[in-house]
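You will see two complexes here that share chain A, one where it goes with chain B and one where it goes with chain C.
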Partner chain A sequence: MERIDIYATHQFKTFKLRPGRPYPFGANHVHGGVNFSIFSSHASFCTLVLFEKGKDVPLVEIPFRGMFLDAQTGEPFWGDFRIGNVFCMTVFDIDIENIEYGYRFDGVYQHVAKGEPGFNRFSFDNILLDPYARSVAGREVWGTPPDWNNIFPHRGRLVMDDFDWQEDRPLENKLEDLVIYEMHVRGFTAHPSSGVKYRGTFSAIREKIPYLKDLGVNCIELLPIYEFDEFDGSRIHPETGERLLNYWGYSTINFFSPKAGFAATGKSKDGTMVVDELKTTVKTLHQNGIEVILDVVFNHTAEGNEFGPTISFRGIDNVTYYMLTPEGYYYNFSGTGNTLNCNNPIVRNMVIDCLRYWASEYHIDGFRFDLAAILGRDQSGAPLSNPPLLESLAYDPVLAKCKLIAEAWDAGGLYQVGSFPAYGRWAEWNGKYRDTLRRFIKSEGGIAAELSKRVAGSPDLYRGRGTSASINFISCHDGFTLMDMVSYNEKHNYANGENNQDGANDNNSWNCGWEGPTDDQGINELRHRQVKNAAALLLTSEGVPMILMGDEVGRTQQGNNNTYCHDNELNWMDWELTQKNADLFRFFKSCVKFRQAHPVLRRADHFQYYDTSGWGYPDISFHGTRAWYPDWSENSRVLAFLLCSKQAPDDFIYVAANSHWDGLWMELPQLPADKHWHVFVNTSMQSPYDVWEVGSEPLLEEQSHFFMGPRSSIILVGR
Partner chain B sequence: MAFNAVSETVKPGVVKITLSGELDANSAGVFRSEIENVASQKPKHLVLLMEGVGYMASAGVRVLVFAKQKMGAGVDIFVVAPQESVLETLQLTGMNQALYILEKYDAARIENV
Partner chain C sequence: MELTTKTLDLATLVTIMGDLDGSSAPRALDEILLMVKPECRIALEMTGVGYMSSIGLRAMLSLQRQTASANGRFVLVGVSQEIQDTMAMTGFGDFIKICQTLDEGLAFLSR
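Presenting the complex of A and B:
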């Protein structure tokens, strides 16, 4: 049976057309042609602009309203391809591999010049990228300088959305069971030492799956992978002469397209290959038990403020997409020039459409929202107590099993760690965990009391939301790497060309006695020990641990804590470190394995601080050098905690951290008669005695006391 | 270059299709029809001689997926002597996992049903 709407009704020049359908938005295949659909609340005129791939001038510009010829008779008549504010048209017989598309918009409003405040910024001179484009041409090969004279630099491409997923679905592992690895797609394999065939790409990730499995992580969190402009803000370093690029990618051009420059197939004529390549990577990761979380950036776009380029949203519907001041300037809560108007009902729908698209079409397991506090601001920037967007996301049926993680602050002073509107679903990057752990590790006094809350899942922040609301991290792409945190007191960002003025100053780091690289064996040993101390605490804390790419092998950024613009060794994973710092990798790997072997470290609900298992011990208790007497004093530099659970193989786990410059005798809590202490980790010892095989930890000769070396941690198992 | 797909029964249960030209959205239909013809013979091994294919787009990859689905799990599909760019496409789209990719026509393997 054939459909009745597959025949052209209109003709414009040589193109056969039909009034389109509003859903779905974007450019979608229909029988015999492509349906183009785009909306604007304030435009009154719209034209579809088609180019042949790579050409400088359009092939044709088809108005959505104007005079057309009847497709059968050739009679001229007036056509208006529009439903409400949605311009929609079906164009037949398009060569999908060879066409690029965009739109021109105009309205009855006065033209606003660049740099001037204004509301509707229509200009018929601009050709605009479809916000719902599924693939974008213009930056197909990373780092290739574009033709700056291109009248339409970022062009929509048509893709096929069918894919043979076989049985693949999002993995739906429990959040509390995740060990997250935060990485940059390009940085992961760009270094020659990676030894992969297509460096810096989605497909290269597949070649490194054995490494990820060996480390034991079961989730990767990718820095922005949708289309962004690496030449945004690009400049030549004044001293070194090298080109600095927008490397991290927090500058979105389009929310629905995977970055072609991250695909080995990006250079191919065919836009669908990029989509297929990423889908295949997700499928392969899932086959190996690894989830994928995307870092999504809905707080601003690459268009900047009134001086920025007009690529897409600004020229289509400026008033709808951006938060504007009463005078028509751009609010800047993101610190980058503009702020996306997320709680505007139309933009809200676009954000939901976007996330649903990634979850359903790419089988993505979760999302981490950059500067998420912005998502809770209303259209004039005021914080909302019940933000419609966050509520919608929390209750959305398609996203119901996705992880939702918020970076719960923004650049406008709205700090919401512990108070982010959660609706029982959202987790947060726990900035307080990072700060507390760093301050303890650098031997600041009096941190023990706060540390006790952080390792217990931060009940002071997340009581009522479970421990997995806390994404625990000590390092992330923003700030020092773990190795740099123990090698530098100060930031060293001169390589960014901003005179070291950029980047955070509150790093809570300590260099172990020398600033930067040194031959001193004692200092280097201490640095390794400090990294292991961090790992030991991170991986035994309740909540969800997140490891920064390379921390497991001591990756350094030479003290640069804001490497957003470096496409070089500063950011790239150096695979030779897996040999040089094999002791660190072994330590991380063992601790991850330990975590996965002991469910008590991954409990979703908070401790109750009393005996819930019938052993005669509370589920968690804190200790100092004396068992059962934690040291909460101002000068305290020691904390130990004992976990007791009836779930075998758990029973008893004792973790102690001594950040004092002297060794300490720790009185161990007494175990029931039939159980004895075994040592899993003792960072005072050199590898391979720093950590033991999970499940065959050696029995301690001395059961009542343990001597902890200076600045060290221990993990004991009672069985 | 015009696309061409010529099939031939090597022996009972083994069918080969010799492909030449560019395999993109325009020519994929020709390849697909040939697969459908061949499928009716219910072969055990489907051999695709691809030395003459200079370019394969995602439309071409989809015909290979279609072939796998149409033939069923019990049928082995061999891709023989693909050019460098075609091999790359197969690897990057993950198709190399579902197919047997051979540098040369290995009669012992291909014709052994």
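Presenting the complex of A and C:
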């Protein structure tokens, strides 16, 4: 039986139309045509603007209200394609590959000039990007200078959503079983040493899957891949003359579209192809047991403050999409000029629609929310005790198995590590873990007590929420790399062109005796040892470890702790480091394997601190140079912990970290008579004796004591 | 875009000249589907195809599926490296058989 809505009812010029459907928002295929639907609660008039691909002037502008022709008789008649506050129409016979689209909006409000505060910023001069566009044209090839005179630089494109996933679905691994690898799509393979054909692209990640598997990570967390403009805020470095870009991409233009410039197929200017490439990348990662988490930025957009460009939201419904002061200025809790009004019901629905789309359409396994504390603020900026957006995401049926990870602070001073509204679902980037580990590793005294909580999954912060509420990391894209953390005391951000004023000053780093690169073998060996000490603690801590791209091979940013604007070697992974620092890679890889081999390191719940196994040992116990006597004093720079589990092969794992500049004799806890200590890690030793294969750890000759070298770590297995 | 057809001993050889995109691919698909019969063998000679869009890729996949459902076989030959790369990156290469030469393609069809 043929549907009766496949026939047009109206005609505008040569275009056949009929009243559209309000849901779903965006441009969606219907039989014979495309349904365009967009919301604005304050606009009074709207036109759909269609361009032929790449053309300077519109092909047609179709009003949503006005005089049309009857599609059957040719008689003129009035039409109004709006239901509630949703403008919607179906346009028939569109060549979906060859059409780009946008909207013009107008309202009965006084015009607000650029730079002035105001509430409604309608201007019929602007052609606006659909917030629900599934693909965006304009920046398809990374780094290609845009045409600044383009009247509509970021254009919506139509995509096919018929990808054949075969048997693929999100992997749904337990969060506590993940080892996350935080990476930038372009930075991972842009370096010539990557050896891939299409450097810096989604597809290139597929080529590097063997590397990821060799390292042992089972989840990659991608820095923003929603469409952004690398030329947003682009400028020339005043001294070097180098063009600086918006490289990290924390400035979203559109939440539903993948960054076309990250696709090798972007140059085709075919939105569906970009979508297919990303989906194929996710599918292949899943086939190799690797989950994909997206770093999503819902706290602000690329439109900036009063002086920013009008791209999309502000021209469609400024007061709905943004938090505004009573005077009409943009609140700036994000530190970037504006703040998305996430707890407005309309915007909240958009965020939910967006995440559902990525989870269902792209099979994304989880999301890390940038400056997520903002998502818990009300429309005037005050923190909410029960933020509707966070609650909705936690209980959403489509997102029910997705990982939800919060960066639990914002630029407005709201710091919620340990107190983020979790609803039993949310995990957090544990900033306190990072700070504690860094302070300990740099030999700060009196950290042992706090360290004992961090390695145990931060029960002081997350008891009742499980260990996996804690995403443990020592380094991330924001700040020093791990190698720089042991190579620099101070940030060196002059390359950013901001006179070294940008970036954090509290790095908790120590340069091991020389600021920056050195030929001093002793210092370089110490730096490697310190990196291994960090890895050993990170990968034996309860919670979910996250490794920053390249830390496993000693990647450096030359002391720059805020490389947001560099599309160059500062941010690109140098694959020659896999050879140069092979000892680090081997160490990381072995520790990941060790973690995967021992379930006791991946507990879902926190320790009870008593004997739960019947072995006569607490599930976790802490020790100092004397067994059973941890040193919590202000001068202490050593901590050991013993894990005891009834579940083989765990039995007993002993981890000791000495951040003192002197070596120490450690008395080892006595094992049951039939068990003996074996050495898995001793960072005092040179490679390959620093770490052993899981299951083939050598027997420790002296079972009662162990001499730890200065600033070193050991991991023993009792079996 | 132009299609020419030649009947060989083992298969029908269809030669395509021109791009396969949103306007040409549906037309090509309609024409080639007329040749899909039970246990058919179809080789598509693609040396003259400079560009294949996402709709072109879908047309090829549709052809492959319909050929398979007719218990037939379908192969692409003479595909440019760029199009092969595109097919691999977008996942279509997992479903569609590509042979470098017509002889290899015919050998595949004859199995």
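We adopt the following convention: the second predicted complex is superposed on the first by the 718 of 719 C-alpha atoms of A that agree within 3 Å, B and C clash if a C-alpha of one lies under 4 Å from a C-alpha of the other, contacts with A are read in each partner's own complex, and residues count from 1 in each chain.
To be clear about the criterion, a contact is a pair of C-beta atoms (placed from the backbone, for glycine too) under 8 Å apart; a residue touches a chain by one contact, two chains touch by 3 or more.
Here the structure is a predicted model, which is why all the values come from computation and not from measurement.
Student: Who does A:Glu167 touch here: chain B (first), chain C (second), both, or neither?
Tutor: neither
Student: Counting only touches as set out at the top, which of chain B and chain C does A:Asp276 meet: first, second, both, neither?
Tutor: Both partners, chain B and chain C.
Student: Between chain B (first) and chain C (second), which does A:Glu702 come into contact with in this model arrangement: first, second, both, or neither?
Tutor: The answer is neither, since A:Glu702 touches no partner chain.
Student: Go through the superposed model and pick first if A:Glu2 touches only chain B, second if only chain C, both, or neither.
Tutor: Neither partner.
Student: Residues on chain A in contact with chain B in one complex and with chain C in the other?
Tutor: Comparing the two interfaces on chain A, one with chain B and one with chain C, the shared residues are 95-97, 160, 162, 164, 197-198, 203, 264-265, 268, 270, 272-273, 276-277, 280, 283.
Student: Could you please specify the touching residues of chain C with respect to chain A in the complex?
Tutor: Interface residues on the chain C side: 21-23, 51, 53-55, 57-58, 61, 85-86, 88-92, 95.
Student: Okay, in this complex, where on chain A does chain C touch?
Tutor: 95-98, 160, 162-164, 197-198, 202-203, 264-265, 268, 270, 272-273, 276-277, 279-280, 283
Student: Considering only the defined contacts, which chain A positions touch chain B in the complex?
Tutor: 95-97, 160, 162, 164, 197-198, 203, 263-265, 268-270, 272-273, 276-277, 280, 283-284
Student: Considering only the defined contacts, which chain B positions touch chain A in the complex?
Tutor: 24-26, 57-59, 61-62, 65, 68-69, 88-89, 91-94
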